[in-house]
Amino acid sequence: MDTNTAKRVEIIIEAPMEERLTSALEGAGVTGFTVLPVLGGSGRSGRWSREGQISRAGGMVAVICIIREERLDELLEAAFKVVKRHIGVVSVSDCEVLRAERF
Amino acid sequence: MDTNTAKRVEIIIEAPMEERLTSALEGAGVTGFTVLPVLGGSGRSGRWSREGQISRAGGMVAVICIIREERLDELLEAAFKVVKRHIGVVSVSDCEVLRAERF
Amino acid sequence: MDTNTAKRVEIIIEAPMEERLTSALEGAGVTGFTVLPVLGGSGRSGRWSREGQISRAGGMVAVICIIREERLDELLEAAFKVVKRHIGVVSVSDCEVLRAERF
Amino acid sequence: MLETIIGLAADNLLSPIILFFALGLLASFLKSDLTVPEAAAKALSIYLLFAIGYKGGVSVSDHGIDQTLLLTLAAGVVLSFALPLIAFALLKVMTRLNQTDAAAVAGHYGSISIVTFVAATSVLQSQGMASEGYMVAVAAAMEAPAILSALWLASRGGNRSSGSGEDSDGLLREILLNGSIVLLVGSFLIGLITGKEGLAEIESFIVSPFKGVLCLFLLDMGLVAGRGLRSSSKVLTPGLIGFGVLMPVIGSLFGLAAALTIGLSIGGAVLLMTLSASASYIAVPAAMRVALPEANPSIYLTMSLGVTFPFNLTIGIPLYLSLATALGG
Amino acid sequence: MLETIIGLAADNLLSPIILFFALGLLASFLKSDLTVPEAAAKALSIYLLFAIGYKGGVSVSDHGIDQTLLLTLAAGVVLSFALPLIAFALLKVMTRLNQTDAAAVAGHYGSISIVTFVAATSVLQSQGMASEGYMVAVAAAMEAPAILSALWLASRGGNRSSGSGEDSDGLLREILLNGSIVLLVGSFLIGLITGKEGLAEIESFIVSPFKGVLCLFLLDMGLVAGRGLRSSSKVLTPGLIGFGVLMPVIGSLFGLAAALTIGLSIGGAVLLMTLSASASYIAVPAAMRVALPEANPSIYLTMSLGVTFPFNLTIGIPLYLSLATALGG
Amino acid sequence: MLETIIGLAADNLLSPIILFFALGLLASFLKSDLTVPEAAAKALSIYLLFAIGYKGGVSVSDHGIDQTLLLTLAAGVVLSFALPLIAFALLKVMTRLNQTDAAAVAGHYGSISIVTFVAATSVLQSQGMASEGYMVAVAAAMEAPAILSALWLASRGGNRSSGSGEDSDGLLREILLNGSIVLLVGSFLIGLITGKEGLAEIESFIVSPFKGVLCLFLLDMGLVAGRGLRSSSKVLTPGLIGFGVLMPVIGSLFGLAAALTIGLSIGGAVLLMTLSASASYIAVPAAMRVALPEANPSIYLTMSLGVTFPFNLTIGIPLYLSLATALGG
């Protein structure tokens, strides 16, 4: 099938920052993203789990964003501004997409 | 460790189409896949969130499928047939797998 | 932006084994991971869905772990020991990360 | 009569369920982060379907099967098939929606909203008016036919529907066996079988807490409706808003005509009017995503949940009650 | 006596809880998309464990600790250890399962299903029969020992169990402290401490709505069991089905013998029989996935949830009640 | 008086809600896998906010708006602004937290814990003591101001707060409109509007099952608190633990002074003391993650949920009740 190369950015970020991150992404011209729930995790700030939590404070989400290579830097800068002072992991990998006209 | 190259296909698709997609994948000889929940997202058809929804209409899921390279085209064709008229993002990336005999 | 190469390991494993896997990862010096919920899937042992389940027995989770390349082998060996007798898929892909000092 | 309507509407507007819906709307307009988790919202809706289905069944087992039952079921099915045609014609006149979008919206107005039905039941109750217990079964019967009308309308416009024979079979099964129909009908039948005795066993779960659960459910509906209105307000042209208010009234008149013909009680007439007036926001949207993916979901969801649902809840139901009382009494 | 059994079974079959289980089965056979969200199903099970544990504790605090309490607990533990051995032998005769699968299945039949226990309690209630409040504690005590028997049976077959000493310690802790045991025992103890006074405070949460919640829970169990049967029906050989029906009856007879020896009330005997007859579908499957991953989960889950659970619910419990009345009365 | 405190505390310690909290703590210390799904925990908290808000509103509509209402609201806001300053000073003396961490912890102690408030209400009830219905509104008013104090304290330490003007506006809106405030205030207002009549409709949902739901909620809080204590026990220095026990008592004294000045009933005084004494674990932590990300969440969450909450629940509330009775009676 006909595919085009693109970048897949995955940002794991604290739930209370989700809104700010996605606004920043939109500000950077990102036209689409998907938010996945996160059950728990571990990092320098210790282990946590979503079970039984009622505050959003403790939770995280994963935001996935597929984007054309040429827009990557803009996206990363926008994301970095939000993430910088916060807990969060930003990773980028190469991918191929169907229906490239959508990105 | 001993790993083998494979392809990781990630399909983000509307929840009411999940059943049709996975059937099509099975039809194309895919032997395994995993379905992740999606909390929300944004695209050309606007922003949405799963919170408070009771209809499946508004939700999406992410289907992950790890597959040998040589079967990729068949998979993509099957997936494309289902996704074509629908909202949905299909991306493919390279990966290495342990226990390649499983795929 | 400044990024560094790393490896993204994705392990889909039975929920009752999650604790053992993450302990093993920590034992292998992994400093961070994220656990995503899984809704359902299909493989050699058939199709399953989380809906309505109350036992953890039937469910799975996806553990994502971003790690420096040089630590990959140690991680895979630790993961393999846990997964070996169990249902589970381990895949590795290349990625670039922001803030590499965290990994 | 206008006075009665206004009096009823005012009463109604200050009932807890309406106020909680308003709270949800307000919270989402203010961009509060108040949300009900998806699983909790689904659990609430399972509870409501279970409770109203069961109580309907018990009521039928109690009063015996009315001769009018079959007639009313048939009327419901006919209304569900027919109302989309009227809605479609109206949409073509009042709005500039394309064929597919118009067909999709029209389908929603033939089908029903179970919460609107429940709200009408509780208004009847507070007025001390009885109604036929089997109206729940009529509600279930009206869920699906409208979808077929919508697909037919769309296909007339050259929209090749969801493809091959196999697939459309799958679709039909999916529509007829969607979760809410199965749960509603199943609970109705179990209520019918187990009757008053069964009800006695589970009464304190499905009867007494019902109103309170409904308040929470409407809070959530307000949140979801408000979020939809906020993000999709641009699709709401004056023509569409007009349709969203006019169509339920037209639907209710057809419902009333059917009720008078059949000879339903006034309460039953109000319920049939409400069913005809209400627009689906669970079963039909899901079916449309599968079968008419080209139709824009923001339009039909916003119309159904953001315009017609609040209209029925606040003004519609008191209006239908007054009409039924005036003409049927 | 056959008449009584049939009469009881018929009554039982038409109770709301059985009918909702049947509705769930039917819905999943028809491939309806009706589902209960995972979180809601877990919440329902937390509610049930909380309520029955607490009520059991209050009942013991009320009647005082019976002399037979310790004896019955001990009997429960012995039954849980022993029944898997019988089940294993029977499986070897009746089926062609390999050592590991047979051990895993056998483990399930030594342990218990708390919903089956609850269903038996509610049949007793509707018959106006009393039973010992501490039977809830016996249920908890019977959950885990069977798992150890299963592991022993599997290891005899050369299956190196889950490895090193550290790990098997972890496993033992996991088994004994699994959520349902902790919640059941904890609620029991809290009921014991707070007694009637405490119960008065929370009665309208844990007593009156209980049956209704149970209906929803059984609806979900029907859905899950049906899905399992649909996707795993090919593992169900006639031998396995026969085992799934015979083993509970055999188990119940051992339970009855123990009850008669100890001198339990007839109600207590029925409950001990039901516990012995029932098969686990929460604690044991999770333990098996960890400790006996080679065993095929479709076999034991389908047996437990798809065959033995419905058998006990419909025919088993009335049968045990008749047997206990005939022999113990 | 010491005797009364001890007597009350002992009674209190054996109430079901405390015991379920203890069960949760114990289960997590034992590393049991007992958990409440996130969606269920959120649903429970929605229920509690809905119920106490609504009941507060009804009570105000019933007794008329007290002249003291505005005064008490104002006192609450002042307390919420002021207590973090005291807490901050105390933390600087008693612990070695840095500026940011100290500011974040201090903010939690100016704000409130609604479950502690509910627990105090239920102790009052069991003692047959009345209190002002509008205390729920005071609780809502005290949630947010403390956050601003915390940010001010942190910024004094050179910590550039969350950046640009736009952003801090967003933050303020987020704080004032966070879900729990909106739901609490909204339900309060709806209770005020619909009054006794409205309450009658939903009483069997929000009144009778309330205590039981609270038990489940506290079970979950015990689980979460225990998990936090287990994974973060290393942050708990003796100084911090001392602060976590001393600060609520100091807070309660300020609350008592305000209550006496205003002339609240003894019950009202106990509630204002409890609000002053309690520390937030929902609204403030979320705000801190956004606005003071450099502050270590394990410290403030563990302090609030792991130290001060259990202290208030077990010893604090009886103490405040005795103090209020002694000084206000």
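In order of appearance the chains are A, B, C, D, E and F, and numbering begins at 1 in each one.
Keep this in mind: a residue touches a chain if its C-beta (ideal position, glycine included) is under 8 Å from a C-beta of that chain, and two chains touch if they have at least 3 such contacts.
Which protein is which chain? UniProt says A, B, C = Nitrogen regulatory protein P-II; D, E, F = Sodium-dependent bicarbonate transport family permease.
Quick caveat: nothing in here was measured; it's all calculated off a predicted structure.
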{"item": "Length of the shortest touching-chain route, chain C through to chain E", "value": "1"}
{"item": "Self-contact between copies chain A and chain B, residue sets same or different by half", "value": "different"}
{"item": "Farthest-lying chain, centroid of Cα atoms versus that of chain D", "value": "C"}
{"item": "For chain A paired with chain E, centre-to-centre distance based on mean C-alpha positions, whole Å", "value": "45"}
{"item": "Separation of mean Cα positions, chain F and chain C [Å, integer]", "value": "38"}
{"item": "Overlap residues in chain B, where contacts from two or more other chains coincide", "value": "36-37, 56, 93-94"}
{"item": "Sites on chain D at which at least two other chains make contact", "value": "33, 35-40, 42-43, 204, 209"}
{"item": "Pairwise chain contacts, counting only pairs that touch as defined", "value": "A-B, A-C, A-F, B-C, B-D, C-E, D-E, D-F, E-F"}
{"item": "Of all residues in chain A, those that touch chain C in their complex", "value": "10, 12, 36-44, 60, 62, 73, 76-77, 79-80, 83, 89-94"}
{"item": "Chain D - residues contacting chain F, complex", "value": "14-16, 19-20, 23, 26-27, 30-40, 43, 204, 208-213, 215-216, 219"}
{"item": "Chain C partner contacts - residues on chain B that touch it in the complex", "value": "1, 3, 6, 8, 22, 26, 31-37, 61, 64, 66, 93-99, 102"}
{"item": "Chain A residues within the chain F interface of the complex", "value": "14, 16-17, 20, 45-59, 85-87"}
{"item": "Parts of chain F lying in touch with chain D, wherever the complex brings them together", "value": "37-40, 42-43, 46-47, 50, 54, 173-174, 177-180, 182-183, 186-187, 190, 193-194, 198, 201-202, 204-206, 209"}
